[in-house]
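Next, two complexes with chain A in common: one pairs it with chain B, the other with chain C.
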Partner chain A sequence: MDFIPGIGATASGLDAQRVRLEAIAQNLANINTTKTASGGAYQRQVVSFVQELDRAGNMGVRVDSVTSDKSEGVSRYEPSHPHADEKGMLQMPNVSLSHEMVDMLSASRAYEANLSVAKTSRSLAQKALEIGR
Partner chain B sequence: MNPISSAYNPQVFSQFSVPKQDAELLEMGNSMAEPFQKSLESGIAGLQSTHGVGSSIRANGSPFIDSIGGFVKEVDAKSKEAELARSSILSGESNNIHQAMIASQEAGVSFSLMVEMRNKVLETYQELMRLQV
Partner chain C sequence: MIEALLSSPNYQASKTILDVTAERHRVMAGNLANVNTPGYQRMDVAESFKSSLQSAIKEQDLGALRQVGGIQLEEVKGLAAQSPDGNNVNLERELMYINQNALEYEANAQFVSGSIARLKMAITGRTS
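Then we have the complex of A and B:
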């Protein structure tokens, strides 16, 4: 049983946004990675969420999967680069800095929104305790 | 007419027979106490079913102590849970900071609930002690 109303769903939301932020951090860190273990340039990671019913009956959110964005990044002519192909073309990752920054902002705002729900529900619980006074 | 002589009048005496009056009062008291007793018993039964303190209430004859004791144990379990979450963050086992914070919030709220309950019980006790007999 939750002492604090709605905290289960809020906790799952916080968790989901944290995973999203981790994926964004990974994308930004690999913004110039032209070679990966699977060969080819780095592909940006996309997190998808599904709704989940937890034990307490709250509709929370769960990370469904972290998948690679299959779209092509730009290729540019750079024959001196060790990862360039025989024609001298270098495949760059499909990570776009502005996209990631916007995503990061959205993840951070969503995290804050969940935090303020947690704060509000806690103050609700504390107000409820004042009934006896 | 002398009021004193009427006080010793055997007729008056028989009219206000003291033992008879006492018995009547006693019976009246019993009949009034019966529903109260019943409601008290049903209240205790309700307490037993909700708190699961069960038959120990009757055995020890101290429902307050028992229910408070059980409550203290639950609150202690909550705070232990919070402590566990915190230490798992510090040791690097888990990276859910919000889960640790939520656990400690829950522990805090349940502790204040316990304090409120204690205040209420104490208030009831003091109210009973002030009762004029």
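Then we have the complex of A and C:
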């Protein structure tokens, strides 16, 4: 039993959403990266969550994996580009700006919600301490 | 003597509700943490537990109140899925429930505080 009720779950939620935001930031930063260390265009990173019961009995969340989205991005004809293939086609990353922006909104909203619960949890603990004052 | 003073049904009910609301807060914090977890089903205090607690409070029955026992939780079924992955936690609704529950907790904490303060007043004869 935590001293502050539910803080374990809230902390795990904040952590998971932050990892998600980092992946989105990375995707957006690489929206035009046509060559990576592994060769080929950048592949967007996808964060997946699983629920996890911690030792204090809180139903928290954990980042299960960060994987690459294997789907193909658009390829466009750009023969003068140094990363274009012999036919002059340039493979673009599979990052979609609108998709990432929507994901970012959802992640930051979830982050803020968890943060506001952390404040509520704190005030509950405070109220418990004030019993009998 | 003091045992008798502190075992009024209302005081005991308030104490139990403090436990339940604290547990409920913990569970709902978990729901909100899992707002983006695929397939997660929101957890809450079991309906059967709620109704047995409610009837114990209504009857002002100390024995029944003590027999209600441990807080039971259950997955809430029959809610509309909020995303294609089957997760049924609605962010806004969950936040609303959490705030409502926190208010309930505060009200009960205040009642318990008040009971103790009245007892103190009776013992010392002073109002503070």
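Please note the rule applied: the second predicted complex is superposed on the first by the 132 of 133 C-alpha atoms of A that agree within 3 Å, B and C clash if a C-alpha of one lies under 4 Å from a C-alpha of the other, contacts with A are read in each partner's own complex, and residues count from 1 in each chain.
Just so we're on the same page, a residue touches a chain if its C-beta (ideal position, glycine included) is under 8 Å from a C-beta of that chain, and two chains touch if they have at least 3 such contacts.
Treat the numbers as computed from the prediction; the structure is a model and nothing was measured.
Q: Put the two structures on top of each other at chain A: do chain B and chain C fit, or clash?
A: Chain B/chain C on chain A - fit side by side.
Q: Give one of first, second, both or neither to describe whether A:Pro93 is in contact with chain B, with chain C, with both, or with none.
A: Touch status of A:Pro93: no partner.
Q: Looking at A:Gly132, would you say it contacts chain B, chain C, both, or neither? Reply first, second, both or neither.
A: both
Q: With both complexes overlaid on chain A, does A:Ile7 touch chain B (first), chain C (second), both or neither?
A: In the superposition, A:Ile7 touches chain B and chain C alike.
Q: Consider the C-alpha centres of chain B and chain C from the C-alpha centre of chain A, and write down the angle between them to the nearest 10 degrees.
A: 30
Q: Is A:Phe49 touching the first partner chain B, the second partner chain C, both, or neither of them?
A: After superposition on chain A, A:Phe49 lies in contact with chain C alone.
Q: Which chain makes contact with more of the residues of chain A, chain B or else chain C?
A: C
Q: When the two structures are overlaid on chain A, which partner does A:Gly73 contact: first (chain B), second (chain C), both, or neither?
A: Touch status of A:Gly73: no partner.
Q: With the two structures laid over each other on chain A, which partner does A:Asn58 touch: chain B (first), chain C (second), both, or neither?
A: Touch partner of A:Asn58: chain C, not chain B.
Q: Touching A:Arg109 in the superposition: chain B (first), chain C (second), both, neither?
A: It touches chain C, and chain B stays clear.
Q: Looking at the overlay, what does A:Arg122 touch: chain B (first), chain C (second), both, or neither?
A: In the superposition, A:Arg122 contacts chain B only.
Q: In the overlaid three-chain picture, find the nearest pair of C-alpha atoms across chain B and chain C and give that distance in Å.
A: Minimum over all C-alpha pairs: 7 Å.
Q: Please identify the positions on chain A that touch both chain B and chain C, taking each partner from its own complex.
A: 2, 7, 10, 132-133
Q: Under the stated contact criterion, what part of chain C meets chain A in this complex?
A: It comes out as residues 18, 22-23, 25-38, 40, 43, 91, 94-95, 98-99, 102, 105-106, 109, 112-113, 116-117.
Q: For a test of understanding, state which residues of chain B touch chain A in their complex under the given definition.
A: Checking each residue of chain B against chain A gives 78, 95-96, 98-99, 102, 105-106, 109-110, 112-113, 116, 119-120.
Q: Which positions of chain A touch chain B when the two form their complex?
A: Residues in contact with chain B: 2-4, 7, 10-11, 14-15, 18, 115, 118, 122, 125-126, 129, 132-133.
Q: Please name which positions on chain A make contact with chain C in the complex.
A: Residue list for chain A touching chain C: 2, 5-7, 9-10, 12-13, 16-17, 20, 48-51, 57-61, 106-107, 109-110, 113-114, 116-117, 120-121, 123-124, 127-128, 130-133.
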